[in-house]
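The letters A, B, C and D name the chains in turn, as written, and every chain counts its residues from 1.
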């Protein structure tokens, strides 16, 4: 039985993690921390929550657990990661702190010096489908952001260098027009999440090259394909609780057909338990993925523009579900345990 | 041309007032105040707002206006009312400060001594359909609460003493099961108004005899019928932006029929521009009333229980619209001016 | 392993049943029928559905199953029940066909002669918490309607004759003001379920004594308490996908306190796995129950009126979940199997 | 006073037209037709509708009106247009019948021979801001589709040939990622518009080069700029009643800056009553435009990709509002009459 602790459990991803781990046959949650609700119960925050006491982070018994999940704000997560690693725990970090390999890029986008740059080299970027071979050795896993998960899984087959070698390279830029439900904005009440501002509305924000998930996506795109074109990323806020759908536009080489592309995707995602390719002509919707750990992908073509539609549940495959998927690989369990 | 000022314009009722007055041929808005946004423009808060500068309350030129509308929190409204009356303005107060005639009741429900008890006697309770004769003399009008408007218009014909004289009295209690859209909770971001807590949800709150609108309703019921039974009032939060629908249950005398009741309502509301009785068998929905100043009422019977359904737009007939309707009567204009 | 068949699987309750049974360790779904989609797959109707082929009802291999679930329209269900019972299957019927013990009442409310009146005596009304002792012997279970489940569980402790004996009887009528999500209206596209008519709206319908669930509720109320007062039942359509919340008003005897009532409820529901009493002062919302088999109940008092709030997920505890709960008891399994 | 008739008034655009014309000081609605509801009243379909009798199309007194608005399905509209023109009426057609100048393109996309190809030459494509000079002479106006209105107003300044002459041409393709509310799908109940399929969901459909509005947009783009690049158009269904927001991606010449582009837009739209440019850094949302005849446009840049966000109310600027705007120009009225 794997003993687990959760830091920052009262946010949406923390609570989703509790829900998933409650169904996981090999994990026991030993403690859960909350800055604002320490001393209370998780059910004081979420009416359906199990009877889980909330403790202060400083009281967390790190020695009693094998793994900790960090659902903390950035910067706070790094500090806790240091402590947990020192105590011998595996760390699955759902914050942004270890996603960017370059501390200078982190400083630029997050506005502060990286709190633990010495750990950046050891962190594994936990896009599970891609990181499967690195994860078993990992002590520190950086769970990808929600938007990056939807966009990167949508792009990955295209950016595989060897497969592309025989064809002309992609020409850019790649455009990801993404739409997210409100849970992505967090549990904190604000004008942005006020029902009156969300319902009956739809709002682009930080479009172009302004959102913090952009450098994360470009970093991985370059890992996969050093000559990858730049990314243009336009997030939009949907009046729904959960789900992300990215509509991605890529210019492909003149001699490519949709069949070529579909074959590429089919080959790469054959046997994947959580990545589902739709048949040509079908397009995913949020209803395909909400409340699941799936990423459902559709492909369409318009001239030499490939249109990839990629849908996930932002709280599951885009956060807590992928965190558990990563943990399963780290601990040598079947990757789907607790997730189907 | 009536010169008007609006205090507290950035709340939902303040903004709705601006929208209505912009269409009103006889009113010009001279100033609008905001505590939090002074120095900015109303369009900084509401993207469709006209170009209206927001000033600090202390800079409001009371001498330049004939009437002020107070969209302020309770207690703050009373203080401003004193100043405005002193400056010779008519005051249309949308807060709760002058709705309760008894300062002891106010102290009990609002938790503070009434800031201007000397004004309570002069304030007219502005349920327009009932207050039409008092309003022309009024200097200070207390616009009814949103829930009370829907419930009181639904009950009024039943509680008319002379008409009831020939019949057995009502037996109690009267039950008002009311459902309101989120704008009733105000513009302030909070857990209550967070999209994630409202969407896909429905929540009763302060049911029974716990909501501040209860004493307001019972006060008016007793004005109309000293032996009126007690009221049970159960508000619920609907996942919609606006609208209130109250389902009201009243035990009527054994020898009453639905036809008797319908005749009573038809007689009382004949010619009313904003109260619409549906034919027997029809029931109002929010879609009958949103974005209008109407109160639409349906009647049904189940044994000796009369079921009155009464729907309004909480921001219009339940606040800003009724405020303008009151102002029209105060200034001798056609009551519907600017409202149809 | 219990072999099961589902008739009428493409409606919302049928699909919910598939979801639940997929998690049930002791049940295997052998076949699923659909009138409109025979020859296709369930995933053609619901994007997240498992790969389940849909067959025509006439091809259903009744001999291969131990139990059938009927998610058919009324009348159609009774005919299939006859065939299935004849083939030796247990029948769990989610339609209205066997809920009313009196075929004359059925004829009056459903507008046709009962198709199988000879079975009415043997059918067990499967409100599990109440029917636990009859179910093990049952061949035919009538799963209660969604509204009745919420109202009857809310009322049951009050209507227990022996417990009430020492107190004054209830005086009537009992009022159930119920609000339901759209899935209750079924998968058939209609004006009633058009997004444009539901979103931003809220609509009472068939209020008073007009809805078919009324006789079902009064029948059970009289089983429990022959002198039970009449019921007034007002359903309303909420702009949410799922969930029912009933606000129930009961006049209680003068010498009763909320404490007396709470003790009554606590005693009756002690140890119930799916009925949760909230502490005094707390009120359930839909968020307490959606996607669960729970019924969460809150109690409040206003004078001698008791206000019971009772929330369920209409598709689970109000249909498919309770059907499985019943099946568990019929087959001697732990009642919660597959449901937590 | 202009006498007007409305054909097909019970669809969403027909009803919106009634609402607008009711506020129009120079227009009187003489008749309104409905295929399905002839003999009834508009209020039987829309609870807030005025008391307007619905007549059968064959009974429409064409001789009594100066102008007819056609809110009919395609093909049906053309047949009625022929009759109305013959009777001497001006025709404002909100269907697709006269939007495509080439009957072969019509046949290809709408699947039938054009019913009145002889009228195609005389029809004016009524994108008011562009058609202002042709409209006064027009007998037949084709009101643009909803998506085309949002996309074309967003692109127009870029595609003006003379202004572009001094710069490098656009390189393609142009991508319009559009999101529409449900009213765009019409009043007919269907799986697509069922609340259960729309709420909490978000669905791309007919993406790439598959939607009927594509040839309409490319036609106009080529009128403006013969070398315009191809368009890729991806519509998505939003869970909101109304509004369209298009996020448009255009590759601009290397030596262009956002300032150049902004100046181009500012020059073209200076003085436009219904096209609003937001300052750099601001992005429109649906809340900027719903219930108005406005098109609000924002500009952003990411490398050499220009991102144009363009929002309209699909039923107003995208249909009934623009129809009235066109009519105002046809009849020599101030263009904003009845629309502000």
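Quick note on the criterion: a contact is a pair of C-beta atoms (placed from the backbone, for glycine too) under 8 Å apart; a residue touches a chain by one contact, two chains touch by 3 or more.
None of the values given here were measured: they were computed from a predicted structure.
J.: Name, by label, each chain that touches both members of the pair chain B and chain D.
T.: A, C
J.: Taking each chain's centre as the mean of its CA atoms, which one is most distant from chain C?
T.: D
J.: Find the geometric centre of each of chain C and chain D from their Cα atoms only, then give the gap between the two centres in Å, rounded to an integer.
T.: 47
J.: Using mean CA coordinates as chain centres, what's the gap between chain A and chain C in Å?
T.: Each chain reduced to its C-alpha mean, chain A and chain C end up 39 Å apart.
J.: For chain C, jot down the residues that touch at least 2 other chains.
T.: 199-200, 239-241, 284-285, 287
J.: Mind listing the chain D positions that touch chain C in their complex?
T.: 12, 182-183, 187, 189-191, 193-196, 198-200, 239-241
J.: With touch defined as at the start, can you tell me which chain A residues reach chain D in the complex?
T.: 173, 175, 177, 179, 197, 199-205, 207-209, 230, 232, 234, 236, 238-243, 245, 247, 249, 283-287, 290, 298, 300-303, 305, 307, 309
J.: Provide the residue numbers of chain A that touch chain C in the complex, in ascending order.
T.: Residues in contact with chain C: 47-48, 199-200, 284-285, 287-289, 292.
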